[in-house]
Amino acid sequence: MIHLKVTNLHKRFGGLHVLKGVNLEVNGPELIGVLGPNGAGKTTLTNILDGAIKPTSGTVYLNGERIDQLKPYEVARAGLGRTFQVTRSFRRMTVLENLYVPALALGHMGQGRALTDRATEVLEFLTIDHLRNEYARALSGGQQKLLELGRLLMLDPDVIILDEPFAGVHPRLMEVIYAYIRRMKSEGKAIILISHQMDAIFALSERLIVLNFGELIADGKPEDVKNDPAVIEAYLGRDDEEEDAA
Amino acid sequence: MRQVPNIAGLGLVLFFAAFPLVYTGGNYDYVMHVLITGFFYAILASSWSMLAGYAGQFSFGHMAFMGIGAYGAALFSHYFYLTSAPTGTCTEVAFFGNWLVIKNAIGVTSTTLTQDCLQQAIAGWGDSVQVWRMPVLLGIVLGTVAGGLAGLLVGLLVLRLRAAYLALFTLGFSEIIKAVISAEIDITRGQAGMVLPALFDNGVVILGTEFSRTDKIPPYYAMFFLLLLCLLILTWLARSRFGLFVRALREDADAAAALGVNTTRYKVFVFTITTAMAASAGAVQAHYIQIVTPNMLFLLQMSLVVAMAVIGGVENFVAAALGAIFLQIMLELMRTSFSIGGVAVDMTVWRLVFFGVLLMVVLRFFRNGLIAPLIDYFARAGMAEETIAKRAAGAGETQP
Amino acid sequence: MQTPEIFWTVILWMIGWGVLGAVLLRRRYLARDLDTSNVPFAGAMAGAALGPVGVGLLWLRTPALSARLTTALALLAVVLIAAAFSFADPENNCVANGAFRASQITNGIIIGIIYGFMALGLTLIFSILGVVSFAHGEFYMIGGMLVYYITVVWFPDAGPLMGVLGACFIAFCIGAVFERAMLTPMYTGKIDRPVEYGILATFGLAFTLQYFVQAMHGASPVKVQRFVDFPRLRFPDGTETAWVTTSRGNLTLFETVSISNPRFVAAVTCILVLLALLYLLHRTWTGKALRAVSQDREAAAIAGIDPNRMNMLAFALGGMIAALAGALLVQAFSWLPQVGAIPAMRSFVIVVLGGLGSLPGAFVGGIMVGLVEAAGTGCIPDAQKAASYIPAYGMIVLTLTLLLRPTGLFGRRFSSGMHGQGG
């Protein structure tokens, strides 16, 4: 059973108090949407979970293992994967090689035939199998997003953080990403979805949390959160979120 | 089609393996010397291309590691001896019934060579005591290890440095090594250089043929096999997960780490292995030319290696090695000076001008070098057709 | 040196505590989640200057590391080295002889101004293009060579002014043409690793220029007569110690400090050109455009500035500055095609020390390097070893700066967004 527990997480950058005691618990397969105005601390939270930065205080446990002091690659091996807001495919490597990196880094998918089959299956699911031997830089922006999601499938983590997966993606490919998220969910993974696109968040998530100025101001079912006065206040006069999505 | 590079590669290996035996043209020793130097540069260029092209670590200190290998071997053969009796004056330890003698450093002031403690002891002994040099191979191994250790250290230090900062740091490291070697005249003999024994100082018998120490064939094959060994190791590394990970590291270290790649380990590892290769080339070359001087470490030497790798193709170490061999041959061919209409053209310098222009032209218009795209063309033959065919076939089903 | 043990013990003590301070305090500041960008450097300086006391105090108090505190610690460390040195070697020329010391310091500053000026060109190129130009030493070399060829070989009647202006003009053109021909693909995003491409391209230029000059000129050294003679002067006249006395080739301050004419002229010219450059950068549209591009290329482009033209201008200007430094120093040193290597290395040290891309940093860094070199040549007992080690000292400073404080001592006034840290 997947269990991610974030306890009283603080992060200061010099005088700036970015996270002020965030508590979060994720149990089992779950799809959590994360909302918050710019500067609310979403990216910082992601980076702490991923191991890229260390929290000032507080702990993060994943399946009973403490991960907040681990390095990013150790966090990935412990079972937490993420995508980046700006696509970061390995541009001068082929699509297949991109997929092999996480699989071989963890060594959990074997080698040779088994690995190729698995990668083929992932590529077919993401509808980019015909590009398998192309260099990643030859792919369109949306296809590169899919490739990044494919790498996560090969990493096969328990908890997945998707940072703006819909930004700048063609509507047709958006359908693929929807299918991807549902598949991850059905495979029993916990998905943390960070997006500025309200419609997507509300369509997909079962649970919604809202960050504002480093604090978790709401946590619950999407429809409840929508009507939460604190959330409305945080977003009052701020309906320009879409422009930052890219 | 895809086998063309492999077949061509095998053909080249066979050609170079057979060349000294079938070549009957003039200037035999000179031609062999050019090729041996070409192999030497090929090892440096291919290991640098693994470091810079594969792993993206643009180090300008590669020649410093070569120098550490060369000087490691030179210092070892210069200062360490085995004797059958204690000298009483040198630093020495018992060693399986004999004595391991470490000579004292006397610098270049002693032109007579009789002033160091071992020479004095020999003068006193007469012929009654045997003195052995250390094995050349051991010196080469130690030089390689020293280079690798230095590479490990530098690799650890530069973990946080990127791009221009890394280039400057490694350049600085290289200059420090050069300055230390030039300045510590007591130990390294400074600009006077250190003399080493030949690779096969007592001659060698290969397949029943006896070769003297000045014959070119033994060092030719020594350097050639070292090159093949390095290329084999590099090929094995490049095809294993190591190659995949260092390329991922080059493209995006953070993304690679987020996918579970221990980027620190691979970065340090690639530094260690490539610098060890450079050091081994340096050690063998030092024994081949039998003298090492600080001038081996000039930035010019580094620029030659960089230029060779770039012109061959920096992202393919085989191409870099071939580029080094061909450019070395070409540079030697262009040495002949001539005069047009009474104006003497000193080709010993003009060829380097030509080389610099070639480097810039290749950089500007053939970004992947001249040889690498050829290999790539054959290795990726049919890929584009495959993509198109697959898209056509899969169009019906996969489109939502 | 009478008691070198004392000196080396002090140095080892300082290094030991410096390393400890840099490593431990960085951890400490990280654990307390304070800004760590200054910590390794300040920690090293605290350890070197005050040993366990300094490291301990910083460990306990973890104060904000202001520039003033860091500078004070660094100065203290320097004073400590000087004190240890004078204690260990009381009869050394630069301990016992005050006049010699004053002379070394003055000449160190004079030559440092020229070093700083040359490094300014490198940092200008870096701040706009994000490229460390490896051809900087070659621009310096052709500057001097061109002055020789213009005033001696081609137009023996031309004055030194024509020679210097001609050298600047030609170097400017070479820089501009090279930038157009070689560096333009960097900006279009077609190159995956623009920084490395720029380094390799300038490397190629350096190679070509050096051997081109060698092929054209040969390996014989050249020298140029000094540009101007001082008038004979003694001021104030009649007193026992005049403040300033000049002969044709020399200038003496207070009867003790002697400065050679070529260096003095070069330094004064550098200061004048520097002032002109500052005027250009801060008061003219072109200069403001240059600075805008160095801060944010995209925003500058939106504001109607063509960043590509600014790139060309910056590279050409940077090359011209190096050439001018060479053109001014050719009257002081003999000139060879290889003469650029050491000044180029020195410029790298200076710009890293001052912070890549920081113009004031380059100038202050230049003066610091000038002083250190003067101290090195004047004070180290074994002159031969000192001469071999002087380039190495610079490189040690360079590598240490990169490890302790990659942004240099003066931060980055001119930071460039897209470059430098890529890859």
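Quick notes
Note that the chains are named A, B and C in the order they appear, and that numbering of residues resets to 1 at the start of each chain.
Heads up, the rule we're going with is that a residue touches a chain if its C-beta (ideal position, glycine included) is under 8 Å from a C-beta of that chain, and two chains touch if they have at least 3 such contacts.
Since this is a predicted model, take the numbers as computed values, not measurements.
Seen from the Cα centre of chain C, the chain whose own Cα centre is farthest off is A. Of all chain pairs, the one joined by the greatest number of contacting C-beta pairs is B-C. Rounded to a whole number, the gap between the C-alpha centres of chain B and chain C is 33 angstrom. Distance from the chain A centre to the chain B centre is 45 Å, each centre being the mean of its Cα atoms. A separation of 47 Å divides the Cα centre of chain A from that of chain C.
Among all residues of chain B, those that touch two or more other chains are 250.
Residue positions of chain A touching 2 or more other chains, listed in rising order: 91-92. Annotation for chain C: no residues touch two or more other chains. Considering their complex, residues 52, 56, 58, 157, 160-165, 167-169, 171-173, 175-176, 179-180, 182-183, 185, 190, 250, 299-300, 303, 306-307, 310, 346, 349-350, 352-353, 355-357, 359-360, 363-364, 367 of chain B touch chain C.
Contact residues on chain B toward chain A in their complex (touch as defined above): 241, 244-245, 247-248, 250-252, 254-264, 315, 380, 383, 386-387, 390-391, 394, 398-400. Those residues of chain A lying in contact with chain B across their complex are 50, 52, 71-73, 76-77, 81-82, 84, 88-93, 97, 100-102, 104-106, 124, 127, 129-131, 133-134, 151, 155, 172, 175-176, 179.
Put simply, chain C touches chain B in their complex at residues 126, 130-132, 181-182, 185, 191, 193, 195-197, 199-201, 203-209, 211-212, 214-215, 341, 345, 348-349, 352, 356, 384-385, 388-389, 391-392, 395-396, 398-399, 402-403, 406, 419-423.
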